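A short write-up of the structure that comes next.
Read from first to last, the chains carry the letters A, B, C, D, E and F; within each, the first residue is number 1.
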């Protein structure tokens, strides 16, 4: 039988664009200069597809979204459609959502529970662990023509899970998930392990924004926009009237582009312990080490980006002018559809240990504040679309954005956590670190993209 | 007032087009929609009952056997306070998503009115097509069915006691939902 | 019942909006559309008369002098058997085009009712805008006019004796016509 | 005829859906729209009063405090002569923009009727969604509100004395406005 | 006067893509491996436009669609808009639907009858045989500026007709239509000549599907999908319940990528003689040679592809659960609009000799079963869209589809017709032959595409 | 502080396309041969963005549109979004409509009056003369991180004004506006200075047409289409029935691609003096030199193109069959959105000295005749769309359009104005001159497009 993996010559795309420009010249994170060109350019986008979306690690879903054997959700890994499934043995797996035969999409619902997946086109049937159980008209195949053992679903090349968050990568040479997350795990423990397990509640909200995906990621690690972009909420008293209110904290940059903030809220009890109910605070010490627990206790807000496009937002707010502030855990993912169009995912998550009344009010506040209808998020999306729209023209593309805040600031050695930390969470260190990783990835494009491959290992979870 | 209060959906409950009550409700719906399309949000929120539940569930693609795909998680899940907060926000000059304002149009068709077991409350369902454009954009569309519970508080005067906005898309092809339905 | 049976289209034939019969027919159209949008196809096909002719002619671009461009060849050309077969198909779990189902919305406006030379049959014309989305798609649109012949079989009960679906596009910008009009 | 002539917009002025006059006006609007959609322009222009003002202002994006953005400059600013000229042009065989003709559909919803201080004139507002396709094109859309002044010249007979076409887009996403509203 | 044909350097595109991949590596028909990459890639599509749509032979229309002198239909040749016209002498001609002056579309209706074609822009008038009869403001042209004899409509470069089917090619170096069709004519005789003339009835249905055109062509020669894709009709009893029911026949591959199937139906009279009424069967012997007649007599179904995108479907079925099976002749054409969007044409055709009642029921059954509303076709289009959608991502593009069925099967030497025939019409030989021709065409791109040309010969039909 | 301007290697795009074709071969203005290829090709369009829209001079707006200090309109310079503003000192300025920080669009309304421009994203505030007045969270920037003196709005690189018409260019090496307009100013005086000042009335109509922008520009200097395209108006008697009626005049070609026509109307008083009321005619001699005044007096129609995409149309017509002809001054601008989509602007302008009744009837006639609803323009747009649509296919791209009318005609030395003039305004000299400039520009692409730049000079007006 012919080997289905055929080596093509690897594309050495490098950083030089067809126009003669070099990404090295127009993206200078260390100087805080990022050219508008990278935010609306089809050629840059094509390279991102291979160089970033074809090889980085990406969030696919949370284990709590598929609690039962046979549970399936349809998602993306990078930009490729995948199914995330808990197989009949309880193992979490992820596969390209495409039949091995003619490529038909196997799972055409957003979620399902199934023991087998049958393709509508010719009826090939797969188990939830990816084996091809039955092809079609099998006796019409000659010897060697249908090697079912080689025709299981295409697994996501690398699959891993940390604290219930399932990530995948299409790069066989990628480091392990643990290695890739590295010290980010220390902070993820605080967000996803402070009181025990975290649960993703229900389905995500999904919507499409006419913006570059990077404009949105840039915004998710930006603290000092809050006062200005969300000024309407300052006016209504839902946010403090001090423009510095979100600056009282630390930002951290880590290896591999991971970045995060921890910020104290106003000096009120509601803004301590990450906004969780006081009854849960004792759990911090049980589930975290002392330094982690202290961070959880002392802060109200946190935002983190698992490079490149998955974010947590831990916030304390209220969805109307009459209620008390409450903690919210919101997870966000951006999937690009084109250079200037992005599909947004927003999940509500909560501590399994949380009491019922807190769950309810936290959820309601989330819906009112975040996602497409959120009184916070609405205005962010106006920014994302308009920042993208102005970056399209040939003149705009000659000019850089400005990301210099804190470029000379010294790290704060007293911060108890790993990574490089800076006091004062107003600054653009995190963005600079994000773009530095982006540039590094664009320098080293993916493995030979043209090889006709057959899937390797069965699957690993 | 010829509304009969029997089991919901039974023919006797129906208030057919052409009946005075149907006309009254239609006029209410049209005037309410005009308030939204004219940016008269303060007047609009006055039409909401104190106990309003205003909800737009997230929809997912599901096999038919699993129902219509409306999920527990919502795009909107509002009470009177949160609606008033939204409206107050729209009165500021810094709610950038609507400053400058979008231009919407609420097209309501296929209105069906049914009595409930309370003489002053009516189940009112309507197809909605909301078009929206802002800046130089093409029209965005939101299509679906709205299921309202309207409460008659005086002749020709109603309050919205419940509104379920059953949108047809699973992925909202709009940057945000800064408009009301 | 004030319907007059004279030459079709003559003013005396018209059943104006607001008349009880007009309201009755409007309600029938709205309930029928709701069956389609709710995937209640078995109930929908019960509203079709045994002698129904359900047709959607192909349209071409023609100079005005050659008429409106409706051709002999159709997109649909159905009788009761073929409609029942379509509905039976939609009840299976293997009609992939609608499994999982599309989400449609039938917007009916500009309804005009005219009497015919049979006292129980009415010519009912309506503009239709059908929106459709499935999976993660944007809305697809079908716009046109529907010309029905409705037969009154009991008070407030009608059967569709003829339906001509006069679509405005010459090239259908939709992968298939697996939805009903 | 229960129309009351008081200050415009006052409840007493309203002619609610379901009232005979409302039905009469609705029927007029529907028949008028059908003339446009059927390319019966000569019959359509007969419905325009000799003193008609037919206008579609250009709209711009403005902050809310500056109003709805309707400008002095218009897309249409017509009197009876210029409308007749447009119609006469459409009757030639060389008005290429409409030869062969576009296929339009005028969807009118949310109709509100108000009396004026003249007993024979009524302020009639309606949401319009006009879809248009020509050749092999997808549907183009025009959405907005139309504010008409209708003059009753005989039972069930009206003339359009004023029409303001308040379109929602600032940039018309259509090659031309060779269709009428 | 300047010569309007100017030679540019021929583009030697070859099979290597900008990414470094080579089509030779990723499309391996002989191994049954076809990369998903070719189904959604803008670069591959651009090359197809020149290499395939700029030079292969394409179906334009049937002579019965323009029966009278002056009859015109607006169509495409490849992807370029053309008019197919019967001129005032009765000769069938085809021209680029674009005025020689500024390129205005001349015929802006789908069909017409005219003695002259006058351009709306400046009034240039052409005869139905393409001559420029009158330009505009002729006396304002100086000597030699307006050579009307050289400014006739641009004829389709090569035009030919076989059994009423009119084909055209834009390649001056293309083989003749007869040569190109080659042995396919032997089979076309069976479909288009079995009882005399075939008539295309009325206008085609036209609709746009969000799919790669090749996904659709692949499906039109696929027999074993019928049981699975059209399972709903199996459930309703409109199709047999034996998964092998459509396998009892032969498939044939021919030179130049032409492919076809002949399949026996269930052992009932209705499924013999291509589903035609028994009264017509004697005509087979009158109009066909004995081998052809025997094939027509013995089979119920047939599908053929005149490479690349024109198909016949000869079927026997019923459009509802109460009727008797009836024969249908359906013609299909796919015109790509973009890498992932395709315009579909579907015509109903029938034997001129067919009795009126058969015409009526055959037509009604066609409308109910095929085209966009067809209870058969609907589900195929779901497949086409979803097979295309899953082929867009950088990970999917690394993997091949599977076309190995029958790769080792021996030809059936007993088959009475030309070409390489295989018993058992379940197999992927025909697809492999189709892709082999595709690859061959992509290797040898069109003549210098950049030359500014003026039309050559007047026209030939 | 890092220099924000970084040199990339200049792209030497030249005229050779990726396909191997050379623009020099397919665009031959001197022979009247323009390939259809340039009207729908993404690659040609990409080069136009840099080579033309990134460096030519473009009309932005008229000073009368921003009469008061603080008045702002949102426009484009080339294809980049800009604001045109009259600053608090009364100086007219133009800036990229993009915040220096993250690129947010600063002015999100079509027009406004403001003393400062505050960005919604982080609140950076700019004066109307472009200075950055206040950034956000300034005390969080370290020394040298926020050099406000260097972070003013990005001015349009070159800005100039002639007779109230404000033009801008993004090319620092562009000649001055005066130099670039050259002798065109002599003719602009006639149109924009014949009676004193000209006023642009209200806002432009704006609409999008599915056409190549060049198809529209080609049409704006085409006189002999009028009789044919606007035949319906000939039939109604709004235009003369003589096909030569618009030929009685002169056309002029000037350096830098500027082109124009002056045409006599029918021998009626209404068609003299550019259709202006007789009471204004004496002003011609006061405001123009004798040769200019004579031209104004003797002609009824004029069309001019300030290369590449800004046009005046000076016409005399009526908007209905019952009225008397009246003069109209219409200004037009095309901004491409894609290779085949263009945003159209249409302004009504009038002499400030014009009497009120003439203003009213001139305006009403303009609305009825021009713009998207205009009984003239409607049919032009049908042409533009269909000329573009037929140019997309690989076969069409091999053939040239025909622009040979008058290619051998001798100039008319008696014409009193500058430039090369030809008697008889039916001809294609002006188009050939336009395409010659287009080709010249495509030969010499813009300065290194990839350099990350910071704005240079403050601004000049």
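Rule of thumb we're sticking to: a residue touches a chain if its C-beta (ideal position, glycine included) is under 8 Å from a C-beta of that chain, and two chains touch if they have at least 3 such contacts.
Fair warning: this is a prediction, and the values are worked out from it, not measured in the lab.
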Which other chains touch chain C while also touching chain E? A, D
Among the remaining chains, which ones contact both chain B and chain D? C, F
Would you mind checking which chain's C-alpha centre is most distant from the centre of chain F? C
Name the chain whose C-alpha centroid is most distant from the C-alpha centroid of chain D. A
How many Å are there between the centre of chain A and the centre of chain D, using C-alpha atoms for each centre? 50
I'd like to verify one number: the distance from the centre of chain A to the centre of chain F, where each centre is the average of its C-alpha atoms, in whole angstrom. 45
On chain A, where are the residues touching two or more other chains? 108-109, 120, 206, 229, 231, 379, 382-383
Of all the residues in chain C, which ones touch at least 2 other chains? 18-19, 22, 61-63, 69, 94, 96, 100, 107, 109, 129, 135-136, 170-171, 173
Every chain pair meeting the touch definition is listed as A-B, A-C, A-E, A-F, B-C, B-D, B-F, C-D, C-E, D-E, D-F, E-F
Spell out the residues on chain E that touch chain F in their complex, using ranges where they run on. 1-2, 4, 6-13, 49-50, 53-54, 76-81, 96-98, 100-105, 108, 119-123, 136-137, 140-146, 151, 154, 157, 170, 446, 448-455
Parts of chain B lying in touch with chain F, wherever the complex brings them together: 94, 96, 100, 135-136
Touching residues (chain side chain B, partner chain C) in the complex: 11, 14, 16-19, 22, 59, 61-65, 68-69, 107, 109-112, 125, 127, 129, 141, 143-145, 168-171, 173
Give the list of chain E residues in touch with chain D in this complex. 108-109, 120, 206
Complex contact set, residues of chain C against chain B: 18-20, 22-24, 26-27, 29-31, 33-34, 37-39, 93, 99-101, 103-109, 129, 131, 133-136, 138-139, 156
